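Paired with subunit B in one complex and with subunit C in the other, subunit A is shared by the two complexes that follow.
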Partner chain A sequence: MQPSDNILSIEKLTVQFRSGGRWITAVQDVNLDLADRECLGIVGESGSGKSVTALTVLGLHPPKSTRIASGRIRYQGRDLLTLPPRALGRIRGAEIAMIFQDPMSSLNPVLTIGDQIGETLRIHQGLGADDAQKKAVELLDMVRIPDARRRVAEYPHRLSGGMRQRVMIAMAIACRPKILIADEPTTALDVTVQAQILNLLRELRRELGMSVILISHDMGVISEFTDKIAVMYAGQVVEDAVGAGLFEQPMHPYTDGLLRAIPDIDSDTARLATIPGSIPDPGRPPEGCRFHPRCPEAVPTCRQTAPAMIRLSEQRQTRCPPRAARRSA
Partner chain B sequence: MLRLVAVRLTHAVPVLLIIAVLAFLLMQLLPGDPAVLMAGDGASAEAIQQIRERLQLDRPLWEQLVSWVTHLLSGDLGTSLTLNQTVVSAVAERLPVSLSLAVVSIAITVPVGILLGVIAAAARDSWIDVAVMAIALLGVSVPSFWIAILSVILFSVTLGWLPSAGYVPLSDGFLPWLLALLQPAIVLALFQVGFLARMTRSAMLDVLDQDFIRTARAKGAPESRVLWKHGFRNTLIAVLTVVGYIFSLLIGGSVIVEQVFALPGVGRLVVQAVLARDYPLVQGTLLLFGFIFVLINIATDILYVVVDPRVRYD
Partner chain C sequence: MTAPIVEVTNVSKIFPMNGTRGRNAQSLHAVSNVSFSIAAEETLGLVGESGSGKSTVGRMLVGIYPATSGQIRLFGRDISGDAAKANLKAVRRRLQFVFQDPQAALNPRMAVGDAIAEPLDITGGFDRRQRQARIEELLDMVGLPRSAVRRYPHEFSGGQRQRIVIARALALQPDLIVCDEAVSALDVSMQAQVVNLLMDLQAQFGLSYLFIAHDLAVVRSVSTRVAVMYAGSIVEIAPRRALYESPSHPYTRALLDAVPRVRGVAKPREMLQGEPPSLIDPPTGCRFASRCPLVETRCRVEAPPVRTVGSGHQAACHLI
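The block that comes next holds the complex of A and B.
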């Protein structure tokens, strides 16, 4: 694949946090590519490093307790990680926008939603207060908030969770960004609202021609929405796949676990499958493959050597050598 | 909004009534016979009896209370025993001085305290933060009479920039008024700035950890906008509370500072009244301070609604 195909490339990204005087690796050696108008899904448990990766793209970590140990994030020929704050500020919200998990706390409680949506336009396009307000009404219409003209003067606490997430989306798309990063956009919402928000994102993506990075722990959400999937575990990408291949034939035992954890209404089993054990302490990752203590298929080598990503085809990569070997056999 | 003001004021009535009764009880709670105490050492029995009659201390308690409240409602707080004037006029004469001092020192405190607090929070844990907080701690801890005296030595005696004592009414011109108050106001502000800066900083630190601050940064908002528009705006409740509190303390008169700078304010009046055992005056000022305190609290409560749309009283 030519690098020019990708609008965003994360290369060998390693991010560390300071915790109790020690640097803890939260994300290790992550490679991800996002092509123009593509939707990339990142899936994994909490603590797998998916949100950290996303926040790093926009440089939204607290600078003092975060260290980018290695890697590059290439966007339009520039490395976002080495960009001066001013230049990064011009990209944030204008070219790469982000929406977050909890719409309840992600909106400023003392500013009207019109102010908050208009602010993006005032910052990046130098719009005046009146024009920004007018555009805010249009944007509220775009995210299907009824009675936008009246709603624009409301404060966030007067809106439901779903409405607030729509406001967040309106804010994010105000400047027609090229990339939208959605970090668990539906996790905090009711199930019925989740579907509406996902549909809205899908429609807007088509309308505006955005590339999207969708982060979720929910395989169901990811499978419906994305062209390409990366599965993360304990700070590493353990498997990635273009298209639906990942669901038909997972190439990592952790992916199996995630797929089994999707509730199935038609199934007779009373209990939902879980992955035994829990995600390792990022301060002390296990030797060898990070998943081996929880892996039903672990063999002795898994405990000793940390596996690298293995390219299976143009579409597939895995960090599980036994599975890779079985496939080629 | 008007309704809110009316409701709040109505709610305050019982509190004001309790304050009035407490002020009344002050006279009863004194050990011994207040008339004897007031008359002082070596007073004749006649003089004591006179005071007793003048203050109606010979009547039953309930009658005294009724009389006190009815007089109060007609704006009569009695007559001072030592000054040749009514309590109301004695206080009215000195209130503008304390009010002027309060206004000037608040006008210094609010911008400086807020600025220092926000800067310290923004530069959390850096040397700037440590320095600002050290200065704030110093301002809170160092006694104001000491600062006041040092300040007089430096600015009035050595440099001769500012008058060392006395008050000039506002009617004599803004500049002379301001110059007379500047030094005592700055001395007072040193303490208040420390207090306000610490409170602003801690409120800002809470706010800066919130998700919506990350949202503001994700929008591409420059750091100054993140700090003030998104951060500071959300600390206004805390800031307002502190400013209201400082203001009500100041109205009660800054006893020490008024003393050092010879300002004829209510703080000095209270001290004089207590030392001279002028109980009607003590009662009257106590009542006044209670009322002002309640009114400032009501004003603060109402302003909460203005600064934070989530606050509602109904």
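The block that comes next holds the complex of A and C.
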């Protein structure tokens, strides 16, 4: 893939947080590319660094306790990490927008939803109050909220969780962003509502020609929604793949373990496969491969040498040298 | 087959809102006319979306909420009738409850050993040595190191904390544990470990579970039978294979369809529109009527009858 095809490229990103007087690495050496109109899925468990990576794109970390130890985030020929705050502010919310897991804590309870959607338009597009309100009604229509004209004057507490997430999506698409980052957008929702929201995102992506980064812990959601998948573990991307190959033949033991540990809704399982142990303390990641203490396939070198990403094909990369070697053998 | 240890018959729970009297008094019909049983050493999975009433059912079962009407019998004793208090007291030791959030269920200032021993301390009758021995035995059972005794909950991960809660629930050798979203807050790899632990403990001690969860795949992996709730009612109940392989109720089918699958191509699905009805003024007729793709006129008027569609398989729908 040519670099010019990518609308967003995260290169060698390492992010650290200050904790108890020292710097702890939350994201290490992450490389991710998002092509125009593509949907990239980032999947991983809590603490894997998937949300931190996304928040870094928008510069949403507290500056005093965060440092970008290395890396670049290229967007339209610029590095978002070195952009002055005002310039980043013009991109954030307008060209790159984000939605989060919990719509209730993202919405202001004392403002009507029309005012909140309008705020984005007033700031980024300089619309007056009346125009902003009119546009807000159109946006509510776009996210399939019935009776938008009446709903625009309501307060968030009057809406169900699914409706609130639709409002968040309306705010995110208000300025026709090129990129939408969705961080666990359906995790707090019931499964039938989740299906509606994912469907809405799929339609909007097509209508608006957006590229999407979808972050989720749910392999099913990732599998059905995305074109390209990156699996994160303990702050690193351990495997990435274009297409469904990742699910058919995972090339990292962590991905494998994760897929096996998911109970299957379509068959009676006698016993779930498990990944022994638990995720490492981010302040004290293991030497060598970060997954080796839990890995059933670990060999002595895994304990000593920290592996880099290995390219297997145009579509696949893995951070597991033994699996890569077996595949090429 | 021996008599079921849990028999729930036509149980309803109505919560008063805005006070019980006056113009604004309203009531929330959280659970309506629910019936089921649980046999010894069996797991009944209870699935449904938020607000379906599944947690309320679990809470009524252990006496946290009294039922508004209907009968709940545990181990042959009626905990809903006139002698509710005495009967509940008599069976209390045989019941336990595991909540979703172990962080909230554990006192942060109480050492793990003391937390696990709390049920023993409340019941009394254990001397120091017996108490210590029982704590160690319980830690072994749930796969925690004995060194956990003097440590505090914050030193453990979410999965380990849920093990502590389970150890405490096992302290008095219960026969029935109500697990309310007990593995929902855990990451997949931890969830699998705790699910397996629950299954092992069941095999070892002959426990019964009411396993309440919104995750249909997890419920399939642990349950003997499964009940599906919608807007306060059980719409379908069946042995697990029948429920997942040949669901009868349109809601069960839609629910199973809505779950994104990891393997296989996404099938075009008929998506449910809208959201569940308000339970403050629940609709007459079938509560699923407003979203049902197969709805007919009578569905909006008459409450659907419970029909038997197979061995131990029942569904409440006019169209079956």
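As a convention for this text, the second predicted complex is superposed on the first by the 323 of 329 C-alpha atoms of A that agree within 3 Å, B and C clash if a C-alpha of one lies under 4 Å from a C-alpha of the other, contacts with A are read in each partner's own complex, and residues count from 1 in each chain.
Here, contacts are C-beta pairs under 8 Å (C-beta built on N, C-alpha and C of every residue); 3 or more make two chains touch, one makes a residue touch a chain.
What you see is a predicted model, and the numbers here were worked out from it, not measured in a lab.
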Clash-or-fit label for the pair subunit B, subunit C on subunit A: fit
Subunit B versus subunit C as contact partner of A:N108, first or second or both or neither: first
First, second, both or neither for A:R284, with subunit B first and subunit C second: neither
First, second, both or neither for A:L258, with subunit B first and subunit C second: second
Touched partner set for A:G89, first subunit B, second subunit C, both or neither: first
Partner chain(s) touched by A:L58 [first = subunit B, second = subunit C, both, neither]: first
Larger contact residue set on subunit A - subunit B or subunit C: C
Touching partner for A:A273 - first (subunit B), second (subunit C), both, neither: second
Which of subunit B and subunit C A:H157 touches, first, second, both or neither: first
Gap in Å between nearest CA atoms once subunit C and subunit B share a frame through chain A: 7
Subunit B/subunit C common contact set on subunit A: none
List of subunit B residues in touch with subunit A within their complex: 125, 210-212, 214-223, 225, 229-230, 233-234, 236, 307-310
Complex contact set, residues of subunit C against subunit A: 49-50, 157, 159-160, 187-193, 195-196, 199, 214-218, 220-221, 240-241, 244, 254-256, 258-263, 266, 269, 271-273, 275
Complex contacts: residues of subunit A adjacent to subunit C: 45-46, 160-162, 190-196, 198-199, 217-221, 223-225, 247-248, 257-259, 261-266, 268-269, 271-275, 278-279
Residue ranges of subunit A in contact with subunit B within the complex: 58, 60, 64, 85, 89-94, 97-98, 100, 102, 105-111, 119-120, 123-124, 155, 157, 168, 171
